[in-house]
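Letters are used for the chains, namely A, B, C and D, taken in the order the chains are written, and counting of residues starts over at 1 for each.
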């Protein structure tokens, strides 16, 4: 009897493990899509490192200049775009001046997409923001970390013109902005190389400028040592980091809405690992006996 | 519309609408650029002027303006600092910004050179000539009026020959560089340099042995990058060792790769290994073959190969990206022993969780140095160990000092500020 | 000429970069080299693009089995370059409303984002079929991963609601990230730093020539 | 407006094209992938042209030329010709007979990055991290900081010992290396969790695109 049970169990686990991969894919689709249809309000706990980024921006007096480097492409949009939007809302609410640039060719366009979204807000509309006065998009330039290094001497050498071809000297916002000494904070959204690590290495540690960042979740853990040493004010990690930023800002947006899906997806992955390991151990036990 | 406004201030020539125009009118381009060569005079604080009114109350002026050479540079920068206006932060005369003014003479005409946000006490003027005296004033601006500070003392910038703030870095760089040279030359001289055992390498024998017993194939994947990656080179070096064992055990090896240059190098490597094992006859070029350069295409092709051939052992050694998951999963599902190695931090977790042995980060390079006996690799590894030793020592002594300070209330030096 | 010039160039440029960090007057030379670097970097991007086009044109020419897809690559390239260069308002080509922007939003963005989204499925199936607590190390890894996956979303706090506030899974996750994780990252980071230092040194001194396409 | 609708349909169809790979490799996927490769190369091409070649190379040379024509003196900006020349050498890689010349420009790129990385990594990721690890192990009256400091110091120290290759892992040294591995495993666990998080977020973004932007099923 017992023997038979074992036999049955074995085939059960083995069968379970051998199911078609596509069934697992289907599970994930359901786990992520279904929760999107429910509006569940969840408490988003804020991590200390996200608070660091928020405070770095919040503590700037009105009129301060923030250099915002958009170093990502649409591949990471779900993670970083909510941060970009929240950042612009935050900056404009606090009357900060934003200088946008990108070390990735797609970055400045991602900034434009976020701006288009943020400009729909009534609060932002009411501010009647002017391009060239309240914000400017310098565009992309090739050269990775060397660009960061060079901007320490002069922005104009890396960016002779903004993204629309206007010489920097003719842009009111850029008047008196020669290098990092004339900006109050660098805000960096990064999905890899070049990104936050390069900003720490080439801007923070050489020119002693303050840096706050938002990263994809894959990258974020590697930034913690920089936060611990104070080289980096804080880091928002992935979509969750975006949701934390939105929560801190008091303007819940897309990232907060997505958190229910995210939670269910994590639970399903954990469940998969548990099932897989149960099968693994019961099969190993059987083999041993 | 902001865009229109920008267009208006653009020189005529930059308004051209398409690349075509650029390509057709290069001459127009040259001519209209002419005004750029002589820099236009800036009008100081134009946008601030507009909010200013005549019958205003002045904010308190900034005080104690100091100007000095920016230290440790090639010159060309003067740092200006000041104490904030008493009205900065609150009140009817609240300061909304500062303007920095400069003159070549104390009583001369002061020109606007830049601005700073309220609360700021620092500005860096990086448009100065070396060894020329400058005087600075800072002007506080409220919504209604402005007030100027007294001028600073004369300041000039100059070239420094050595950046003293980077002395520690310099010394450490020199020590590590010398250590690397020393060990490379030692290794070149034929000296055996010790490298500790690496668990993943020890497991290679077992894996090859098992494949021989089972009569199934061994797959070796040297990453998806080209030969300019250090990780690929390390992977190919380790392939040499695996291939030699395979030749000795008379097992079967396949090396599907994703770069043509990697294919050529791997063939050389495997051929030499078979020769060294005394079985050159058993080698043929078809053991190493090219699949595709495309990341997911390569992963899909390997997926198919694994499922068809059901290899007994799979080696994943080199630089991997997102495809690491797909490879490790499929190899695992066909029951292969997997020995992985990569220096990609984002892929290491998946290898550790899905493979039997994993060479973690630098272990990959250490293994390849150990196997290849290449003096430059061995020497570098040893030189890096010297660096690690220094770091470990500094941490140890520094932590002990600080802990003693905090426990015994004494005053030992803080290495964190000295180092 | 083929070997010596590049080795000498690398050495001069590399040493200038290092020396200028300590001896400020060298910055003048460094700035000059950086100016050239920028231009070469842009040409390197073009090299990649041209190479890709050539490989695909080659597929068409030799009538390889995947030739139709080679054609798609080339057409895709033209699809965005022609509007981007000629019909999108010149230097302000990336402003909302231009054809270039339209293609970016409706073609490039969905493709790029979806390519990466595929990985979610592979993570899921690998979780089910490959991630095993096969030894002490892997077990520690998976336990830490569990705490983070659950602790970073409200499920973790909900599961540990019976614990006093401040000791729930979310806080565990914070603690792991801020301390043991940071310590481990630091060790990895310092190790990599020394690795970069030694390989940079080898490159500058001409001991390492792999970047030139093998020895 | 209708342009937007068409655009979303195109985007949705391409999204489904990529996802069809999950069922199995098929021509629809191959088409979408090839289109992606082409469009992304085109994207880089256009952006580099407008935001790079024009402002940095052509404008600078034009400026140098103007100075020469108007003031009759040789301007600093002529150095860009040399840079441009090195850049063109890079393109020669496309022609096998003169491809070796591209090594000159490659040497330039490699030399610059190696030189910059040498000091930057040693300082930012080496020295500053070591400094940040020098913490007191006992902080009076603050248990949390005390524990935190101990964990950071022990973890970093032992982790470094694991990556020390000149000494056998035996005795106390071996014990420290063992502790180091545990810290590394926790770090990898964190990375694992965060990577899963990242991947799921990307999929959520795509699902939302399909259900909200395309099908309008979610308001």
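Definition applied: a contact is a pair of C-beta atoms (placed from the backbone, for glycine too) under 8 Å apart; a residue touches a chain by one contact, two chains touch by 3 or more.
Since this is a predicted model, take the numbers as computed values, not measurements.
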| item | value |
| --- | --- |
| Chain pair with the most C-beta contacts | C-D |
| Furthest chain, CA centroid comparison against chain B | A |
| Between chain B and chain C, centroid-to-centroid distance (C-alpha), Å | 11 |
| Rounded Å distance between chain C and chain D, as computed from the means of their C-alpha atoms | 3 |
| Chain B-chain D separation of Cα centroids, rounded to whole Å | 9 |
| Chain C residues counted as touching two or more neighbouring chains | 18, 21, 27, 34-35, 37-38, 41-42, 45, 85, 90-92, 94-95, 104-105, 108-109, 112-113, 115-116, 118-121, 123, 125, 127, 129-132, 134, 137-138, 141-142, 145-146, 149, 152, 177-178, 181-182, 185-186, 188-192, 194, 197, 199, 201, 211 |
| Of all residues in chain D, the ones touching two or more other chains | 21-22, 33, 43-44, 47-50, 52, 54, 56, 59, 112, 116, 118-119, 121-126, 129-133, 152-153, 156, 160, 163, 184-185, 187-192, 194-197, 200, 202-203, 205-206 |
| Residues within chain A bordering two or more other chains | 17, 25, 28, 32, 75-78, 108, 139, 141-142, 144, 146, 149, 153, 161, 163-165, 218, 221-222, 225, 228, 240, 262, 265-266, 269 |
| Category of the chain touch graph - line, ring, star, complete, other | complete |
| Residues of chain B touching chain A in the complex | 2-3, 5-6, 9-10, 14, 36, 39-40, 42, 46-47, 96-97, 100, 113-120, 122-124, 126-127, 333, 345-346 |
| Touch list for chain C against partner chain B, complex | 18, 21-28, 85-92, 95, 118-119, 122-123, 125-126, 129-132, 134, 137-138, 141-142, 145, 188, 190-192, 194-195, 197-199, 201-202, 207-208, 210-211, 213-214 |
| Chain D-touching residues of chain C, taken from the complex the two chains share | 2, 5-7, 9-18, 21, 32-54, 56, 66, 69-70, 72-81, 84-85, 90-91, 93-94, 100, 102-121, 123, 127, 137-138, 140-149, 152, 176-194, 196-197, 199-201, 203-204, 211-212 |
| Contact set on chain B toward chain C in their complex | 3, 14-22, 72-75, 159-163, 166, 169-170, 173, 176-177, 180, 184, 227-228, 230, 233, 261, 265, 296, 322, 325-326, 328-329, 332-333, 343, 345, 349-350, 352-354, 356, 361-362, 365, 376, 380-381, 383-384, 387-388, 391 |
| Sites on chain A touched by chain D in the complex | 22, 25, 28-29, 32-33, 36-37, 75-79, 105-106, 108, 139-142, 144-146, 149, 159-161, 163, 165, 200-202, 204-206, 216-218, 220-222, 225, 228-231, 237-240, 254, 258, 261-262, 265-266, 269 |
